[in-house]
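See the structures that follow.
Look for chain A in each of the two complexes below; its partner is chain B in the first and chain C in the second.
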Partner chain A sequence: MTTTSMFKSQADRPVARRPWLSRWSDPDDTTLAVMLLAPAAILLGVMIVYPVSRLIYTSFLDLSLTSGLPARFAGLANFRQMPDDPVFWQATWNTVLITLITVPGSLVVGFALALLANLPFQVKWPVRLSLLIPWALPLSFAGLIFGWFFHSEYGVVNDVLGRIGLPRVIWFNSPRLAFAAICLAIIWKASSFMAMIILAGLQTIPRSLYEAADVDGAGRMRQFFEITLPLLKPTIVVALIFRTITALQTFDIPYMMTGGGPGTETATLAMYIHQNTVSFLDLGYGSALAVVMFGLSMLVTALYLRMIRGSGAAS
Partner chain B sequence: MSTAAASTFDSALSGKPLRAIAALILIVNGLFPALWILLTSFKTEAELTQKPITWLPHAATLRNYIQAFSDQPLLTFLFNSFMVALLSTALTLLVSVLAAYALARLNLRFRGLIMSVIIAVSTFPLVTLLVPLFETMRALNLLNSRTALILPYTVLSLPVCTLVLTSFFEGIPRDLENAAMIDGCTRFGALFRVVVPLSAPGVFTAGILAFVNSWDEFLLALSFNSNPGLRTLPVGIQLYQGEFAFPWPVISAALVVGIVPIAILIVIFQERVVSGLTAGGVKG
Partner chain C sequence: MSSGRISKLAGLLLACATAAFASGASAETNLKVFVTSQGQPAIWRTLLDQYEARNPGIKVSIELGGTTSDMQAQYLNTVLTAKDSSLDVLMLDVIRPAQFAAAGWTSPIASDMSSYLRAYAEANTIDGKVVALPAFADSMFLYYRKDLLDKYGLQPPKTWDELADAAKKVADGENNPNLQGLSFQGKAIEGAVCTFLVPYWSQGKVVTKDGKLDFDREAATKSLALWKGFADSGVAKKNIAEVATDDTRKEFQAGNVLFAVNWAYAWAMSQGAESAVAGKVGVARLPAIKGGEQATCLGGWEWGVSAFSKHQEEAKKLVEYLSSPEVSKFVAINGSLLPTYGKLYKDADVTRAVPWFADAQGIVETAKPRPVTPRYNEVSEAIRTTVNAVLAGATTPADGAAQIEARLKRIIR
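Presenting the complex of A and B:
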């Protein structure tokens, strides 16, 4: 209790010490902790803390590499530009809409897949693989493949629609339909991961709870709502928050499927940041947009940390 | 009455036909896109533009695979993806093994805080790194280099790997380490000779997660490395599309080549991947 080191106790240190070893090869606990955590801390410092401070700094600059002018302090000019920028509103609105549609969407589909995968299969690997492959498939590949699925002439979706007697649809000419196709692709990609997390949660629920409920005469529906759902809540909350943050950053799938088109109708905030930075080389405005993105995801993260603290689920 | 009803419902739910339907739904949902690409990769260009479209290739050909390698430097893309993924995975593992050991074994006073920081970092939006890293890499002349990708990818996987490894290290009895130290090992000696070998499955799992993360990343690879010789696979794939042409059979062949390495990893190590994903964290 009275120790001034970082440690609560040194009780687990073995007694055998060899005094001739240098401090470096057999350090005490405090030194050791610093040594072990230093590489991670340095890496996070160089790759996150520095870039983020740089980002915030640049967002106050007028820094366009195409103009050839040196960076100039511009105050809030970059941020003031946003309200009058229709593409900013469109991209932000699309990002929020994608989040609001695909997060619950992938939860529902993922839950259904998890319940199916939780059935007592004799051979487990085909089911496991059919959840793992979509997870491992690069998002950009998924975007490309789904773009091809929804192709108006040769796409398999229109082929299936034709076979069941529905009219062919030109998906990527209409903003709404293009947007729907993008959301479907994202839900497909994200739901298998959701399913894996939920499946793992389902498998930790003791069977005896259901048996007891059977004895008490509770039906399947009641069991689902009164045993399964409450016990899975912590798992679902964590998965949802990660999904939300990933959805806010949506880039690969719309970039590959529509390139943001028609026009900028299906562009996302991440795509707009990319375009301003890499294509227009307007680093000032790109940074300001990224600050908005950063703020959005920090908000979700703060919520997340509060929730896991609240439920005591932090391991 | 309800017990009887529940048990018939129960047997219907776990009955064979239902399981078969469930398996079918899962497999079609999970594998159809990859299967479709595989089928397309064997079709000729002429067959592709037939209407109505064909599902199974009529005259299967391997020419698309040859073309995928000759039209674009596909081998180079593969090599770049491998180099970037392997190096960033190695770096991630080294850093996260050390950090996870400290978190699992030492009675850190700030453990809760450090854990919160790691979780917060795991939700860090990579997009926001785009602008400052682009600026920095440009200034340092590191655009179009593998380093420009290896470092950010290491940070991308660091939190998840640290969480996976921490939970694995916690599962290894302390007595083993203490015994090794009494026998004359230093703490580092005990870490690398006792703890790491015993948690090989955990290290491996973390490694696969890091590898897949790097293999899949697109935005930074697209923004930093525009030089064809340095493009990774997801970025290189785009080069097959011409201004007007969209040679789907060839693109499909290239996609299959890009999926196979990951698919092999997943097929061999499926159980470890699942345990890693659910033990350490959630990102995808």
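Presenting the complex of A and C:
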């Protein structure tokens, strides 16, 4: 290789002949964009795109590990099975009901807690800590704890009822009472999450607005509805999206409290998916159920996003 | 000078230690055995210690999991679906070998099954292949308070009606609000499947015949109504839908139960130092529906070798030991776990420890197996959640029986 030929080729294709190190240390715009996006794209691909595509693919298979047969393409057979499956309807209905009850429930309780924590306390940490604890507790622990609270013989709830002269109740014998107990546990657990997000939002509202309102003679209620609520709207919508999606995926608390009982009266869709895949090893049907839940979550998220866009355009 | 000598000595020691460590690590095989936490792990640990002493180079550790049979199955399903090689030997409920063999999760074992009780030879042989070896036998029995029955001049009941009458008589006489007449399993656990099947079988009915569903809805309604009747009439407690197998054992052991439906393991603990009823317990065959036969549910646990174990030969050798007459006798004496070999039921050492085992062989041999199908988990779920719903009062016995039938029709075609 001679020196002249080297110079010549460099003049022809200057970019291609640049040493690879300088391409990394001083990249052009396109390379830089690819480099910066690659980690996120790879992570999304591995953690989300691949599993979701695989899930959708499996939902079209007849794949049950108990059959001893290899996977077979089954078209929509798994989806066609759902309308005739009473447990599917019950679990879906319970999931929707849990969402409709616990999302507004935890918003109201969480809002109240946030307003309380936002009061000018001398020492702030005990309030903050007690807000944080329910959120920091693993879901299954919360389920276990509330399961014991409501146990008919050893539970503290019946103990208190007995002490104040009320009849003791077998909570988990009644589908409605068991469901109510589950909702209570979820609201307790989720309220602290809502409260923390709302508290963060409250602290971004400048005090000067309230001082101005005071000067103008607006009462506390008026201030809440005219200042606090409108300025918190974006925060609340974000909190609601997170809360609604986790509510649709409710698993741990009812699983630990009632196991779906009595019978299958308090089972949720996530529990039914778990049962079909982990216990029954019917991966095809389990995946199809999971696709339905995924669709449900997407639908709700889309609705919220529309809501945000609507509010953004209005302001 | 002295420091040089010390460093030389230290170097030598280090070299020796490294050599010893290296040779020890290369010669040793580590086996991991999965034992259900309800399966008296301490007794198996003693046996494994003996095995390690006799087999240098083999170390066996126990992994515990699953407080109930169904929780255990959920865990093993996850591990084995992932083809995880961390478990070598698996303790399996008698209902599992058929499912695990169908899924290809256990390795076949070349073994002669003729010396075991026939029920276990059958449960562990799938399509002519031995897929697991018996750990211990079991069936459901009626535990009763001998002292209380004697006090009121009563005999162990032969029918469920007699049991209800006896419970009422004792309850009236004792006037103890904490004393339950009967404890059985109403929680939606595997044991509740047997709760349903015992009175169902007692009416001469079967669930499957030649692999086809042969369900009798009327007999099923009667079975569910029997248990619900016990809860309604106060013979069993009102929250019986919350009671799992070990709750029955604990409450009986605390002296709060007259009659209890339970497996053989409850005996050893009822005679232990922490028991309020040691020396006051009798064990009998489960009662029958009036006009029917006395039926019971076949239980027992098996040892399987994981198909994903990297130590197949060592694991099979260990399983053969754990299933040997020597071990069966040891767990019978120390854990009141029923022998899997017929000859051990009359063994003097065994009957000295557990006198009623002398009469138990006939009961175990006539105990009925739960339906054998690879889709057993679905069968089990359909039955146990319905038993639970009926006992909680969320469903009537007739509706419950119809639900079981409808769900079984979708599973067993």
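Keep this in mind: the second predicted complex is superposed on the first by the 273 of 315 C-alpha atoms of A that agree within 3 Å, B and C clash if a C-alpha of one lies under 4 Å from a C-alpha of the other, contacts with A are read in each partner's own complex, and residues count from 1 in each chain.
Note that contacts are C-beta pairs under 8 Å (C-beta built on N, C-alpha and C of every residue); 3 or more make two chains touch, one makes a residue touch a chain.
Model, not experiment: these values are computed from the prediction.
Trainee: I'd like to know which partner A:153 touches here: chain B for first, chain C for second, both or neither.
Mentor: both
Trainee: Does chain B (first) or chain C (second) touch A:212, or do both, or does neither?
Mentor: It touches nothing on chain B or chain C.
Trainee: Which of the two partners, first being chain B and second being chain C, lies in contact with A:278: first, second, both, or neither?
Mentor: both
Trainee: Just to be sure I read the superposition right, which of the two partners does A:229 touch: chain B = first, chain C = second, or both, or neither?
Mentor: Touch status of A:229: no partner.
Trainee: Scan A:67 for contacts with chain B and chain C and give back first, second, both or neither.
Mentor: second
Trainee: Please determine whether it is chain B or chain C that touches the greater number of chain A residues.
Mentor: B
Trainee: Just checking: does A:297 make contact with chain B only, chain C only, both, or neither of them? Give me first, second, both or neither.
Mentor: first
Trainee: Kindly classify A:197 by the partners it touches after superposition: chain B alone (first), chain C alone (second), both, or neither?
Mentor: After superposition on chain A, A:197 lies in contact with chain B alone.
Trainee: State whether A:108 touches chain B only (first), chain C only (second), both chains, or neither.
Mentor: neither
Trainee: Which residues would you name on chain A as touching chain B in one complex and chain C in the other?
Mentor: Of chain A, residues 153, 278 contact chain B in one complex and chain C in the other.
Trainee: Touching residues of chain B toward chain A in the complex: what are they?
Mentor: Per the touch definition, chain B meets chain A at residues 2-3, 5-7, 9-10, 13-14, 18-19, 22-23, 25-27, 29-31, 33-34, 36-37, 40, 48-49, 51-53, 55, 94-96, 98-99, 101-102, 106-110, 112, 114-117, 119-136, 151-152, 154-155, 158, 162-163, 166-167, 174, 178, 181-182, 184, 186-188, 212, 215-216, 218-219, 222-223, 233-235, 237, 248, 251, 255, 258-259, 262-263, 265-267, 270-271, 273-274, 277-278, 282-284.
Trainee: Note which residues of chain C are touching chain A in the complex, please.
Mentor: Going by the criterion above, the answer is residues 70, 73-74, 77-78, 81, 99, 102-104, 187-188, 238-239, 241-242, 374-375, 377-378, 381, 385-386, 388-389, 391-395.
Trainee: If you look only at chain A, which of its residues touch chain C in the complex?
Mentor: Those residues of chain A that touch chain C are 65-68, 151-153, 170, 172-175, 259-265, 275, 278-281.
Trainee: Note which residues of chain A are touching chain B in the complex, please.
Mentor: The touching residues are 6-9, 12, 14-16, 18, 21, 25-27, 29, 32-33, 35-37, 39-40, 43-44, 46-48, 50-52, 54-55, 58, 113, 116-117, 119-121, 125-142, 144-146, 148-149, 153-156, 159, 162, 188, 190, 192-193, 196-197, 200, 214-215, 217-220, 238-239, 241-242, 245-246, 248-249, 251-252, 255, 269-270, 273-274, 277-278, 283, 286-287, 290-291, 293-294, 297, 300-301, 304-305, 308, 314-315.
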